[in-house]
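In the two assemblies presented below, chain A is common to both, partnered first by chain B and then by chain C.
Now for the complex of A and B:
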């Protein structure tokens, strides 16, 4: 919308120069730095939580490790679009067995889902030490790299839709956390990450986009309401298998609609 | 006549075409990357969208088709109305064609672009139908379900895959080229994301045949190599279509007059095994000759000659369990079991066992689901053809009445009725 406005203004006045086009980006500075803080908090939390998970694995405590698996992942899932800027780390931290030709038996299969496979399928921490150490080294590396990163605005703003694409492509089918069935945790974290970005930039577009804002707000709320039905008393989520077909359909429609709408956020903010 | 031309004939023909090319030397030689030339007439073909019935049912079947089934997210009459209005707008636009709107390039484009800046109609029809599940768990639609609409049953030979069955809503896309259908499907998936969640979809096509001197073509062949549709009722006979295809009468809700029950069946064909079956057995199973489609009691006739089963009461020529004899016994009683078939062939890669995943995307329309498909399929249960076919999916749907004009929309009468109750 801002871009459209600028373009028409530029065409109408003919003398508008680069300085005009640069102005709106100043508005982005505030939300961008707030988002950077959000990401830094999450990656720091990820390191802390991973340390606890690694400790449980090394202590051979399968049940404790299982209980820490899903909550540890959420910090990663919230900031996935940024984390994925480092594709080498994303692969070793979060790849799934079906990303590999030999699936679970593939030597390159590491990270969260390899640990998940060990804890739930092999019901043991045996042999997981190596993967645990590697995971901790990877998330620590990630935390360091992100702190040194200048956030590209189009990646941050685009991340709101990217997180919905994540849900649509891998979470809605229940294949992300296939051994632990903790997909709803990831689901929730992806939504939180997306909503965070949207909320930070909403003030910049609210004025000319009342219908859009009302629709997106409504869809985030609808998702929250569906997910709330599956909360456990301790703040976690029940198994993905308990998600009913009609709720899955509802979530699917909301995710796809949010993905469609949030895909216009970059354009609305004048980011090509 | 020899079945194949001699080598000499082939060489001569090739020489002739090389000569023909040489005489058109002024035309640039096509490049590898050039698009294959389209037929301008076929691209411009437009099926009227407005009418008392939806298009895509009694209108001629083009070469390509898709059936997509969706789950519907609509928690109120208002939602349903918004969805049906949106679907109508998209279908009207897509089937009639036109330029794609230009948007600010920093936004996602309005259109996938598959068909370029001007969408050519390409003979596209979009036919929308509702499944029984749409009416369930929606108290505001209570009492409005069409009289014989029901969830597709599992027949004895079926091996239904849940991911390929049922749906709240089906959309049948038919067009001259598959890209036109895929473009329309993608448009609807994108624009109706709020209401429609894709459940399954199957693409199919029928092989085109060179018309005879009078412009007529025979029935298309299925993947078993037989002509399919020979005994279809005449789709140009409006009175017959009123009786066989379109719903009418006090047993149907008022809103559901002028619609049609749509049956979709995804019927896998065991083609390797079929190709190893003796020809005589194949013909016995169908009750028709393979090459011409003529009934076995008149092997020199054409596919359109009706078999005379009364002259063969013991089933010596056409076995009692031959497919065409079971499906349509040609007696007075079975007249009420007629339906209009409009299938496509599908090919979906390879099965786990290394066999080809090919079959029939069976689609038929009838005025009464139970008297039509259900009765016929019950007669077919146990037929010898079952050795070679396996229904794996599909669903029963009710194709909505047509959209009368620009102010009307698909299912308006249903929405109005729901508001009254």
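Now for the complex of A and C:
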């Protein structure tokens, strides 16, 4: 009973706000749950968009399928910190050819990038039906699993930096969408996903971190401005090949700074 | 995916050059690897070397608690290293360049895990985490942090289900406005389900509760009382009077009240004490009121609603059992058993795959179900002294 009493006292102090500032606060509940709703909306959209992509593939309409490929992916890329918690689905939905021994010819190579390879490299929907069906089954499964998941708070908050680290490490190089060159769509979605997390938790930290908040806000804005230059009139993005070296360098620098700064969010919110 | 540009046969020097060719990314890389080097000085519990085909060692055993692993990339392509619990990623280090090493520290509960070793096609290794005092102490600790996930998940549930309640009530309103009795009766039954899901918290908002869910038996003028509004007033019209006549304004008001409820539930500040109190109180209310007396006197579909209520209680208890399992495993088990008993009693009332009208459920069966629900309440109420706040 003494142990219980001590526990209760410790909790009581935390709730009273008397504990040290780095303790997590109940104020996290609002943004944490809002984030899950954001993720659930995205995975629901992913299922809807994938259905349309699958329909285009099955109709043998290469051009339509190509036009749907990049926008469909954005819902996945926005919520990747949570989606990639399910390692089996992350592999079957989004693995690249490099992850496999026989690269593009490997039988286990499935998902978005296998479809991308078919549409752009093989210029055909032939043989893609099976991959399309599998992709739809996988994203539907993902949507269900995410709805059933209690999100780990540290993964949610850490996700803001994780997305930027991924862009820095594996996307700036342009390897993600190597066949379609639609990388800028993924970039934008990764930034949106990261900024969403940051924006949800910003009210909890801005009081004591005015400089930090101003810097991160400024870097997100700078990234937006660079990406805006590459927008097409229909709301999409031009080929990644058109990104100039100076803009690539600029983006890269901003991404690295964002990754480093956002990596401090967990500590600032008592989730270190 | 998080793997980075692995290309078979690419040597260390080439890989490093390729990384550095992208200026900013190179700087980030440098920083990452420098950090990794800095943490290397603190001895890790275990060093794992990832080669082209396997990890060395492939089978690891460590005691539970906070453990650190130094991952050495001995292959010729960048790797990520993951600890997996089934299909779920427990922890990972991404983006380790050939020849480099990084340290991963993670809190591990006793159990069997898998570790990834380079290429997806490579065999996975195993990680056995054995019981330890450290792991037991951390599992039994009750902290606010352990409640953050459950509280957030419950808030999501409240938002989703109360939105669903509004949408279902709109459908009911439309069927009533169209004068379609059959569609309205079906819509009424469907509209009750999401409401029963949020009822453990919704019934505490007494002003709204009195407008949304009053029972004629508690009103002076019974069915003729002007305060007889909400779901049961519509039920009375649709199932007793068999008509949609005059129900449109009541349905409009129900939609408006549920909309308000949804906003209030969304704005409510949830805390551990409240969360711990909700499921036991709801089980108790079912045991003492709904089951003995019935609630849907005109539609008689009480059993399907009881099932929905159990789902609502189950959402709460599932979240709380995640917190209590490490602190008091016996209580966790007792709650599970009490829930199974209620579910079995309820399932035993089904006839030919359907729920019979509640007036056909005999008193002794009602008493049995009420008894099981009281047992569930007793088990759930034990949560408070174990993980609640006095």
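Remarks
By our rule, the second predicted complex is superposed on the first by the 248 of 272 C-alpha atoms of A that agree within 3 Å, B and C clash if a C-alpha of one lies under 4 Å from a C-alpha of the other, contacts with A are read in each partner's own complex, and residues count from 1 in each chain.
Criterion: contacts are C-beta pairs under 8 Å (C-beta built on N, C-alpha and C of every residue); 3 or more make two chains touch, one makes a residue touch a chain.
Because the structure is a prediction, the values reported are computed rather than measured.
Of the two partner chains, chain B and chain C are each touched by A:256.
Of the two partner chains, neither chain B nor chain C is touched by A:202. After overlaying the two complexes on the shared chain, residue contacts for A:94 are found with chain C alone; chain B is out of touch. More residues of chain A are in touch with C than with the other of chain B and chain C. By the touch criterion stated above, A:267 is placed in contact with chain B alone, chain C being left untouched. By the touch criterion stated above, A:26 is placed in contact with chain C alone, chain B being left untouched. Once the two complexes are laid over each other on the shared chain, residue contacts for A:85 go to chain C alone; chain B is not touched.
Of the two partner chains, neither chain B nor chain C is touched by A:64. In the overlay built on the shared chain, the residue A:246 is in contact with chain B alone; chain C does not reach it.
Where the contact sets of chain A with chain B and with chain C meet, they give residues 4, 7, 249, 252-253, 256, 259-260, 270-271.
In the complex of the two chains, the chain A residues touching chain B come out as 3-4, 7, 245-246, 249-250, 252-253, 256-257, 259-260, 263-264, 266-268, 270-272. For chain C in complex with chain A, the residues that touch the partner chain are 1-7, 18, 22-25, 27-29, 31, 77, 82, 84, 87-89, 94-95, 116, 119-121, 141-145, 148-153, 155-156, 159-160, 269-272, 319, 322, 385-386, 388-390.
Interface residues of chain B, counted against chain A in their complex, comprise 71, 73, 104-108, 137, 190, 193-197.
If you check the complex, the residues on chain A that touch chain C are 4-5, 7-8, 10-12, 14-15, 23-26, 28-30, 32-33, 36-37, 40, 84-91, 94-96, 98-101, 106, 108, 150-153, 165-166, 168-170, 172-173, 175, 248-249, 251-256, 259-260, 270-271.
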